[in-house]
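The data blocks that follow each hold one structure.
First chain A sits with chain B, and in the next complex the same chain sits with chain C.
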Partner chain A sequence: MLTLYGQELGSRMLLGTSRYPSPAILADAVRQAGTEVVTVSLRRETAGGRQGGAFFELIRELGVRVLPNTAGCYTVSEAVLTAKMAREVFGTNWIKLEVIGHHDTLQPDVFGLVEAARILAGEGFEVFPYTTDDLVVAERLVDAGCKVLMPWCAPIGSAMGPQNIAALRSMRAHFPDVPLIVDAGIGRPSHATTVMELGYDAVLLNTAVAGAGNPALMAAAFAKAIDAGRAAFEAGMLEPRDMAVPSTPIIGKAVFS
Partner chain B sequence: MTYIVNGETLESSAKTLSELLLALEYEGDWLATAVNGELVHRGDRANHRLNDRDRIEILSPMKGG
Partner chain C sequence: MTVLIKGAGVAGLAAAFELSRRGIAVEVLDAAETVGTGASSYAGGMIAPYCEREAADEAVLTLGLSAADWWEEAAPGEVFRRGTLVIAAGRDSGELDRFAARTGGYEWVGGNTIGELEPDLAGRFDRALFFPEEAHLDPRKAMAGLYAALIERGVRFHLGSTDLPSDTSFSAVVECTGAAAIATTRGLRGVRGEMLFLETSEISLSRPVRLLHPRHPLYIVPRDNHRFMVGATMIETDDDGPITARSVMEFLNAAYAVHPAFGEARVVEMGVGVRPAFADNLPRVLDRDDGFAIAGMYRHGFLLAPAMARQLAEKLCGADRPPFSPNSSFRQGATQ
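Our next item is the complex of A and B:
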């Protein structure tokens, strides 16, 4: 069972709600994945609030927990205000904290991230920081009050999959008791299996599902891949070795010559 | 008075944030509002008097990753 800020969750797959061909396909993907947490955002509303209202209603009908984000925020003050406005709308202390530092790579501004995390944790927020795989930054985030860490494994939306396995492994070893969620860069179910096999607690996906030819089918594929990786981690895997080891017993083998 | 609402400059006779939302036909319990970079809670909008050139943000739920 995965526990995030005291909430027990049966599914280890968190799903973004953006870029689906239609709201119906989004809903189908959420159901197929069995996900219990979806990410959402806040944006300026021009049509009297009705467009946002329709989306809000769809999310309510899905009956899942909501993790609002601060996507697109480039400064601490923007991220903090967006988080407060999200709490007003969604009625949750959970916040996926993004403080973006670079237009092209969308990598986090880790200095701003730590500062914003400290402010928000001090105001009662339960912060899910989108961060890099840097251990020192992760330490600072934990010091700031974060009880979950969400490192990328590759740039957002890139679908490249884990680019630095050693860093992910090191992070898992360094924070054995902090829930770790790979937040960005996953493209295929096998990528998700890989990070789950490393002992990561969960995966947050969006583009890999929403951009698939059949998003609902892909959501189901990811759910299986995540479960498989988790089960393998819990079962304990063999370490690779250089030389062959016969799997069939040698003792009792017939001698024909 | 002149207000900057979601980045757009407009004229309105509204004196409070509630009046402005009404005048601009915003409705629903899913909106979040901020004035000059500070959150204004839903329950405080009726008492929040606006000043000329105030910057007002009106946000609502949207898909996100």
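Our next item is the complex of A and C:
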């Protein structure tokens, strides 16, 4: 069972709600994946500060927990303001914190991220920071009050899959008790399985599902891949060896005669 | 029998055309002083069923395939059948493969063909998707042409008015009120679209050009008089306030990527429209107590209004029956 800020969740797949062909297909994907947490970008969906109306109603009707995010925020103050708006709109202290440092790659501004996390944690938010795989930044985020970390495994939307396995391993080893969610960069189910095998607690996806030819079917595929990776991690995997090792004893076999 | 159509946008005028060609007397009511003042006037006017399939249901393709023919008949001379060119910046080249995987009806073309199709884009892009069957029109001109054709057919217009004409009794009312129906129609939501017009004589394009980008896809549709319509955002809100600085920035940035000459273009108009949409983003002909409604055109007004108008006409007339007898009321007609 995955526990995030005291909430027990059966599914280890978190799903973003942007850029689906239609809200109906989004709803189908959420159902097929059995996901229990969806992220919602407050910013673009609320031009003029209005409350997103019908689309947010559709999100609420999904009956799953909403993790609002501060997508598209470039400064600490923007992110903090957006988080406060999100708390009002969705009635939750959860916030996925994004402070974008680079317009083109959407790489997080880790300095602003730490500062915004400290401010928000101080105001009672339960912060899910979208960060890089940098250990020192991760430590600062934990110091700032984050009880969950969400490192990327590749640039957002790139679909490249894990680019730095060593860094992901190292982060897992350094934070054995902090739930770690890979957020961004996953392109296909095998990528999700790979990071789950490393012992990551969950995966957050959006483009890989929304941009698929059949988003609902892809959501189902990811759900299975994430479960498989988790089960493999819990079961304990063999480490690779340099030499072949037969699975049946060879004593008494013809090879010795 | 006389049918009242509420709303003189693309759905209302298409419905008026389909009904009047079946011999039904039609009157059109709209609070605006002219036709096509809502989201219709900010439409791209791309008749692009293949490209739209990228993120739309198969029904958008099948219902939209005959739209160019329909517009050619309804507004002769307004349809340009020159296809669509889909391009991407070199580093986003993978987006072209993704787009190709989601669509059909295209040819892969290389740099030379791109230069032949659009000489001003020569040398700027190495490969592209060309959708030769697609078409485009200028929504404002097409609406004006359709309006003139309807007047000629004897359709009566009550523009600038919200009162029902009192001298006629109507056997059915057809509501085609676009975004105004969001408040009263269950399941309908607003999707904001923003666009702008650029004017420059430094470049010319013959056909709509779509620039793929992982976050800011954009299309440029050429209009008369060196104008280019650049659009359009898709934002989940019914806010119809002015365009945001961010959207303008994204549009201009992307247009500049298509051709630097757009950097010197004049921004001559900006617009915002709210497109009504159901959860599956497909339009419908709805039954109403006093008739029907065409609702949820989403971003497919010019592409799917002909199909919706035809569905409406079939419902009103019955597929195999002649139109209502002149004296029968709407309800009697429907249950004959």
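Details
Definition applied: the second predicted complex is superposed on the first by the 242 of 257 C-alpha atoms of A that agree within 3 Å, B and C clash if a C-alpha of one lies under 4 Å from a C-alpha of the other, contacts with A are read in each partner's own complex, and residues count from 1 in each chain.
FYI, a residue touches a chain if its C-beta (ideal position, glycine included) is under 8 Å from a C-beta of that chain, and two chains touch if they have at least 3 such contacts.
What you see is a predicted model; the values in this text were computed from it and never measured.
In the superposition on chain A, A:21 makes contact with chain C only, not with chain B. Between chain B and chain C, B touches the greater number of residues of chain A.
Of the two partner chains placed by superposition, A:240 touches none, neither chain B nor chain C.
By the touch criterion stated above, A:53 is placed in contact with chain B and with chain C alike. Once the two complexes are overlaid on the shared chain, A:10 sits clear of chain B and of chain C alike. Residue contacts after overlaying the shared chain place A:213 against chain C, while chain B stays out of touching range. Residue contacts after overlaying the shared chain place A:124 against neither chain B nor chain C. When the shared chain is aligned, chain B comes close enough to touch A:69, but chain C does not.
Of the two partner chains placed by superposition, A:91 touches none, neither chain B nor chain C. Shared interface residues of chain A (contacting chain B in one complex, chain C in the other): 44-46, 48, 50, 52-53, 55, 157, 207.
The touching residues of chain A, counted against chain C in their complex, run 21-25, 27, 44-48, 50, 52-55, 57-58, 72, 157, 207, 211, 213.
Chain contact summary for the complex, chain C toward chain A: residues 55-57, 98, 101-102, 182, 188-190, 192, 214-215, 235-239, 241, 244, 246, 277-282.
Residue ranges on chain A touching chain B, taken from their complex, read 16-20, 26, 39-46, 48-53, 55-56, 59, 68-69, 71, 77, 81-82, 84-86, 88-90, 156-157, 206-207. Contacts from chain B toward chain A in the complex involve residues 6-7, 24-28, 30-34, 37-39, 41-42, 57-65.
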